[in-house]
Structure formats: C-alpha cells, structure tokens
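Residue numbering begins at 1 within each chain, and the chains themselves are lettered A, B, C and D in the order written.
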Amino acid sequence: MEKETNKRQYLLADRKSHPQDSVIEIGGGDVESVKIGGGNFRIIAGPCSIESEEQIIETAKSVAASGAGLIRGGAYKPRTSPYTFQGLGKEGLDYLAKARSIVKKPVVSEILGTEHLSEYENVDMFQVGARNMQNYELLRALGRQKKPVLLKRGMSATLRELLLSAEYILSEGNPNVILCERGIRAFGHYTRNTLDLSAIPVLKEMTHLPVIVDPSHATGRAELVAPMALAAVAAGADGIMTEVHPDPAKALSDGMQALNLAEFAELAKQIEAIRPFAYRKK
Amino acid sequence: MEKETNKRQYLLADRKSHPQDSVIEIGGGDVESVKIGGGNFRIIAGPCSIESEEQIIETAKSVAASGAGLIRGGAYKPRTSPYTFQGLGKEGLDYLAKARSIVKKPVVSEILGTEHLSEYENVDMFQVGARNMQNYELLRALGRQKKPVLLKRGMSATLRELLLSAEYILSEGNPNVILCERGIRAFGHYTRNTLDLSAIPVLKEMTHLPVIVDPSHATGRAELVAPMALAAVAAGADGIMTEVHPDPAKALSDGMQALNLAEFAELAKQIEAIRPFAYRKK
Amino acid sequence: MEKETNKRQYLLADRKSHPQDSVIEIGGGDVESVKIGGGNFRIIAGPCSIESEEQIIETAKSVAASGAGLIRGGAYKPRTSPYTFQGLGKEGLDYLAKARSIVKKPVVSEILGTEHLSEYENVDMFQVGARNMQNYELLRALGRQKKPVLLKRGMSATLRELLLSAEYILSEGNPNVILCERGIRAFGHYTRNTLDLSAIPVLKEMTHLPVIVDPSHATGRAELVAPMALAAVAAGADGIMTEVHPDPAKALSDGMQALNLAEFAELAKQIEAIRPFAYRKK
Amino acid sequence: MEKETNKRQYLLADRKSHPQDSVIEIGGGDVESVKIGGGNFRIIAGPCSIESEEQIIETAKSVAASGAGLIRGGAYKPRTSPYTFQGLGKEGLDYLAKARSIVKKPVVSEILGTEHLSEYENVDMFQVGARNMQNYELLRALGRQKKPVLLKRGMSATLRELLLSAEYILSEGNPNVILCERGIRAFGHYTRNTLDLSAIPVLKEMTHLPVIVDPSHATGRAELVAPMALAAVAAGADGIMTEVHPDPAKALSDGMQALNLAEFAELAKQIEAIRPFAYRKK
C-alpha cells in the first residue's frame, strides 16, 4: 500500500537524522566548484535542448557572465511524443563539454536511463526528470556513484514520495542530492503546471537537502518566469533553474518558456536584489 | 456547458476593456479611506472569528499599529461541520464596529447570504468566501450596492470562473471588486490547500481588478504564513490578508493558522522591506 | 481548521448511528409517491432547463412512459457566466407544475437561495447544486422544512464534506436527504468532470443515506451518458439522474450532454436489464 | 511544450488510422493463446508479488480454475520506499515460469528497466507500470520486440499522454499494446487513487487498442474491488486485472487490496453474469 502514510521511512533524507542543512558541491577539478544549500544560492541556466555547438557556447558564455553558477543543457530529451525532437544525444553532450571547458562552470544534464551513464563523463550533475522520479533502477544506479543528482519532483508526487525517491539514491551511498520543485498537475489550464511554492518551506522542515525551483517548466510561459522566480527566492529556495535560449522563437523545444539572453541578465539582477529580503527560518 | 472555454465573457472584468489597473477605495467617512490596486498595497489583518469585544479591539489596535491598513474579523462563519463554532453573528458585527470606531481603519467581514445584508452597515468591505464564490444570488445582491467586495477564489475554481463570478457583481453596477487567491484543492496533504501564486501574474494579464493573497487559509499553518506572504508580495500581489489572534492556541476557529501579535508585527516589517524588490510588469 | 480529519462529526448521517439504509419517499398527495434507497432504485429525467410549457410537458410525458420515476427541470439556473440563459424562474416552476399535474410523477428542481423557497410549493424535492453544497444558510433553511433534498457533491468536495453538508440539513430536523455524485474536478480535459464512481460503495459504508449518480453533468457529453449510467448502476447506485431534451441541438443550456427522447428510452431499458446483476453488499 | 494540445500525434494508436478494434493475442506455443479486444474479454489475476513457488502455483491453479485467462505476478516491484520488499527478482520469474508450465495459461509481469529484458523469456506479456509510463528508453526497447505490452496509465497522465506512450512502442514496430486504467491521483483520501471509468469509452473513441481496468490498485481496498470491477465491465472494459492472494493478511505487499481465492471465484462469476448487459457502442 503506497498511499500517503504517516510513516516517514526517508531515514537518511530526514531532517531529524541530520539537523543541519546539507551543502552540495558541484564541479571542481578543471571547472569551478560551486555550492548549493545551507545559505549557498545558485542560478542554473541554459537551453532546454542543446541544438548546436554555437548555441550552447553562446548561451553558456552569456548566462555565466550574467550570474549563472551552473550551466544546463538537454542532450537526451524525454518528449511526450515520439515524433518531436528527441535531443542530439551523445553529440549534444560533446557540445556541452566544450561549453564547460570554455566557461569553466559545472554543467547539469538530464539522464534517461542507465544505458547512458558512461556518456556523462563531462557532466558535473545528473538531472533526473519528473517523468523518471520513480524510475528506481536509474535512481539506484545514480546512488552507486558520487556525482550530485538534481532530482525533480514528479508531476503528481507528494513530498514524501519525492523524499523516498531521494532515499533510493542516498541509501546506495551517494549523499549528494538536490531537490527541485517544478510544478504539479492540477486542474488549471493557464499554466503548464501549478507551481507549489509551499513545497519549499515544507521540504525544509522535512529534510536537510537543498531545494531549488524551476519556474520555466512550472509555468511554461516566459512572461511568468520572472514573477515566479522572485516568489521562489522570497519563499526561501536555495536556487533557481531557468531555461535560456539566444533566440527562443527558433528553439527546437519549449521555446515558449525560454528567456532570451537579455531577459535572463535582467532576472539575475532582480534575484540578486531580492535575496537579502527572502524568508529565513529563525 | 460550463467547461473551461476560450470565450472570455468577463466583459467588464477584462483587462482589454479597461487597460489601466483598477484602484479600489475602501472606507472613508468616519474611518480612513484606503486604496488597493494600481500600485497601492495593503495588509488586511485580524482574527478568523470575532470572539469577544476585548479580543477584536486588542487585535485591531495591535495590527493597526504594526502596519495593517484594514481590519478583518468573522462574525458569520461558514464551517464545514454544523457542530463547530458558527461565529457570534450580529453581536460579532457590533464588536467589530466598536473596534472600527476606535482604530479608525476600514473593516472587512464575510457575508453568508442576502438575509444578512442589513446587518453590515458598519462594515466597509464585504467578503465572499471560497464556498460562496458561485452563490449567484449573493453576488447579484452585492452588485446592486456600492461597497467594495473581496471575492475569494473557490477551492477548485479556474481563473475564468473567478472572473465570471466577479462579472456577476460588476454587471449589476458595482465596479469595486478585489480578487483573492487563497489556495486550491490539489492532492497534497502537507498544507490545507495549495497556494497557486502564478494566479497573480496570470490574473493581472486577464483583468484590471486588484489581486490579493491569503496565506493563512492557503497553508493552514502559522509557520508557513511568512514565507508564503513574502512569496506573494514578490510575485506582485496588491495586498496580503492574514489571520492574527492575541492567543492563537485559544482561538475558537483556525488557531493553527493564526499569527500572534508579535509575529504579525515582524511579518509586516518583512513585507515592507521586500516590497521594493517585488515583480512589476514593465 | 477544516482540513480532512479523522473526526467523523456527521453524527446523524453516519451509518454507525443508523445501520439500515434510509428509504426516502418523494411525492404523494396528488402525485405518485416514489421511494429511493434500501433497494428502491429510481431514474430521474428531464431537461436541464425548462424552456417552455410544451417542452417540459412533452419531455415529462415521454420520460415517464419510458420508465423515469421522477421528473427534473431547472427554473433558476446557476450559470458560470451572467450573460448566458439564467432560466425562466417562477414561470418555469409554473410550467413544471403543469407537467407534474399531467404525468402525476413527483418533480425535482434546483433552488439557488432562501429567497425563492415560497415559489417551490409544487416541487416535490429540492435540489441543491454542486456550487451551493456549502451554502449553509440554504442548507439550514431546507433542514427546517420536510420535503426531501437532493444534495449534489461539490466540484472538489471530499465525501466527509458532503456528509457534513447533509448533516446541516439533518441536524435542523429534516431526515430526507439523497446524495448525488456528479463528477469531481481533476486534471482531465476529455470530460467536463471526472465521475468518481468509487464514491458509491464508499458512501454506502459511511452513511445510510441513498446515493444516486448524475452521468450527464459528470461527463458533459451525451455519448458518454449510457456507459457511465450503466457503470453507476453496476457499482450499486440507488438511482440515476439524467438530462433529456426533445431536441438537444436546440437546448438553451447543456445541450451537448442531453439525451433525446429515444436515447433515454433505450438507456432506461438497458438500466432495467443490468440492475439484477449490480453489486450488492452481502 | 508538452501541455495538452489539440494535436493528436498518436498516429498509429489513433482510431482514425485503424477503425476496427485491435485484437491482441497473448501466449501460444506451450501455453494457451488468449485474445483481448474486439469483443474478447479476459480476466488477469494473481498476486501483487510472487512470494514463493507454492504461493504462485497455488494462486495460479485456483484463479485459472475460477475463470482467469491470464496469470499475473510481480517479481521486480517498484516500491515507493527503498526499505520495503522489492520482490524476488529473477527467482520470482522462475517460480512464475513453473506456475505457467503447470496451468498452461499465459503470464504477465512488470518490467522495471531494459537491464532485465533477457530474464523475461517465460513471460508472455510485459507490464509497464504507472511510474514508468513515460520511461521512454524502456518503451522503445519493448517496441523493438514482439511480445504484447500491458501499458498502465500514469498517476496523473492524460489520455493523450497515455496514447503517446503507447505510440513509442507502436512506432518501433510492436503493434501489441493493451492499455490499463488504474486510477488517477485526485484530492480524495478514501481510496488509494480515483478510478476514472469514463476513460474506457473515451479511449475507445480515440484508439483501437484494447482497454482493461485494474480495480485493485485503483481503490487499494479489497472490499471495493468487486463494485468497481463490475462497474468497469458495465462501462465496456475489455478485461479486468485484479490482485489475488491465498492469504491476503500475510501478503508481503499490497495485502489490503488483494482478494482471497474464494472472493475472486465469486467475483469472476459476477463478472460473467453482468457481461451480456455491458455497454456496447452501436
């Protein structure tokens, strides 16, 4: 019976077993080492899909200059339809590695299955998408290595279910997990999903793991990314992940929700300005 | 067929028919006149239920001193169970009138049916609760008078349905409507409802009416009120309505979600501090 | 705090306080007296809105001949938009009274507020719609008279909330309440609402009150009414309420979900055929 | 942008491209060949988890004798918590193969990842669980072989998303897909999920693929399995999948929702009796 129960069961993720905030380090070696959690706030930015070497390098340079601490870019894309662009795959990861070597920032990219693990050598953090939050074979495999994992909340996952999925990684020996709220499925039609910002303070009670927010997938509309990013920061998020494209109208996936380079630079400034006034538990 | 359609139909509430933000004035006469909307931000605070003359006067004085622009207090309470405290009724409205005459701030109180209209003489703004958002006889009656109406979003109302309920009031001749997001019903169990903060920027595209947020009912837990209030301000809300009680543990209704007087004073300061950095559409 | 709790509180509606099924009698006097509950199954049929004397009389004669035990027809219509047809009001109730006097079957019609109580003299059962399930002033008023009340589940009401709304009627002295599942709001778009048929066996555990199902509002599409009606009967419903119109394409409201007279006659036969094989608790 | 759109995109699954019902054959060779779809109705029964050789053989013999056309049994179990019973794995599949060789009925078992494909030699139909409905690497791999796939609807998947997941299998060359409604996540707490039976007639309009229903996972409570199974049959389902255990109180997983052997035999008879009266599109 996997209905929501009162039993916590997320023993290692539980704040009770680890009262201090976890601080996760990403990168290091030939790129910068950045921290998320325990007061360390970072912006992760980049295109939904890596479309070409030029596109990812241009975007990476620009967002790094504007304040992004990590670069994102999708190579293997989980698409609802088999007939839409599925990403450049290994070729995309190679382009991302070039961008990484140029901007010297750690990079994050989604992984769809254990088949691909060996291709992620130059990726600093694995992303597990909402659709794979309960792909337990993948979670276990990511638990048996040490790179950080950015675990997105499933479309209709409760917070307990999210923490139990994190627990699959933690219990295999990898303590480096960052949680990401990206909107849940509710009855509304105006946004792609319903961003559940109360998940931030509630998760911070339940767990010591860092919590970041993805306002791009949550809303699906570029004009809503800034208000929701600022709201997430105000509520106490440890980071923001947002999609940025040099020319959103020409993006091969999710262009409607991407900021352009100037919009991202503006948002990064607004986030910087509001951060000192964000909620902090006493 | 009342399924969500593309037809707007909320002709008077529509931003297209009235591009500038509406500014709603509440109070005046023997109390202060306050504005909400078009850059005017206000905090509404007070107890869930008026429990005694002392309680409402003490609370009103304290929250007014701490920064509340309007005082709230429930006299007729819509309670899920017929066996829980139903409010003091007319007696409660009398106590609220005394508090109003002392602090000289406008007051808002929920009305449950047209039967009670004549008892609200000393109330400056009618509140229509989530359960009555589609009580059309009540909406029409409030449209045939001129006092402002604070219209709360129903538990599972779409934004179009909320605006069509506002339209019932507007189309009868009363232009003074303020909308309030207070959480929707989704699958989660950690909070009483799921606060849908993207409703703020989306409503502001759709309509010229002011939009405020009630983080107390949305979360049902006092410790979540501050982070969600700050998030709502960051996302561009025109006001915050929050429940405050001199001694929450002894409240006759909803004590778990009420702030005490000191917590409210602290929150009011935090709201003041974050406001200059809130999202504003260019 | 009105979050779902373990406290039942629906003392009079509770199966524990009244182990046998309640049997509700509707009509009598100059029309037939019909029973619902405790093994008594009835079909309620008629138009969404009463549109003319001819329309309601033609429909009533036809559905009565085809097997409907009660006639429905809306006079005061709760419409999401103030600009769509609001029903004929008192005139509609007069036409319904004529149809009643001709077919000698009890009639049911929705009431929107206590203002209209005196106009329902010739209506045998009050319907409280989903939007008014928590209009407590109306529930209390219906509890202070003796005619049966058909109480529809709110769009996002839990079963406990539905029973507590029934309790408002019961606790004022009227034991004649029939519950109606009519679909809840979930994330799907293919039907108007999501019909929650497990509500039938679950409610029958919780309460002694009869439970009927409205597949017309639940689905919003005429072609889905028959499969969902048969499913509801199979799951143990005490009755079916369905919308029927002599010419659905010309209906002033909800035409897409209405059966025509021949379709209803066919469905009534199918319901009769499947009933002996429906679920019955041992 | 993967929001529900009007674009169908499920080209091969679309009823428009294949107007007749698909009939899927499962088994053959050394076990019986059974058909599902196009008027062929089958019951699939067996334990949630295979716990021992004796348990699966006893259950398989009993349910086969009572009317089950296929045997189910879980070997690799997707469990929300890493600390609960995860299934016997390969050993479980070996026990299932023994039961299969004894009862000569085809068997179905869930697969969690492509790693395990080679272990399913003696399994006649792969089950893809709700959590993996959008595990595209797994879907693609199952599309590159020919055994039938039982694809369960994700917890919050729309019907379009379900069909697009089926399309991943179909577009790789495997036409043998059966869809399974197993309850969606809504706001209710009385059942594990909310069984969406209108999915049956709606899917049958959209697609030619067979549609079966799992009332065990949908409700999570054994006493609700029979009413919901009968309702699903009445609504036109092509099959029922239900969990059966010789001693539910001692089951290692999901015991609360399992029928015992006698209860299953009784349900199989009731299903047989109601089938002639089920909904059939003209």
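Throughout what follows, a residue touches a chain if its C-beta (ideal position, glycine included) is under 8 Å from a C-beta of that chain, and two chains touch if they have at least 3 such contacts.
Computed from a predicted structure; not experimentally measured.
Averaging Cα atoms per chain gives one point for each, and the point farthest from that of chain D is the centre of B. With centres set at the average Cα position, the gap from chain B to chain D is 48 Å. Each chain gets one centre point, the mean of its Cα atoms, and the points for chain C and chain D are 35 Å apart. A straight line joining the Cα centres of chain B and chain C is 33 Å long. In chain C, 156, 185-187, 189 are the positions where the chain touches two or more neighbouring chains simultaneously. Taken together, the touching pairs cover every possible pairing of the chains.
Per the touch definition, chain A reaches chain B in the complex via residues 4, 156, 158-159, 184, 186-191, 194-198, 200-202, 205, 218-219, 223-224, 226-228, 230-236, 270, 273-274, 277-279.
Chain C meets chain A in the complex at residues 185-187, 189.
By the touch rule above, chain D contacts chain A in their complex via residues 1-3, 9-11, 78-84, 112-115, 131-132, 134-138, 154-156, 161, 164, 167-168, 171, 185, 192, 220, 254-257.
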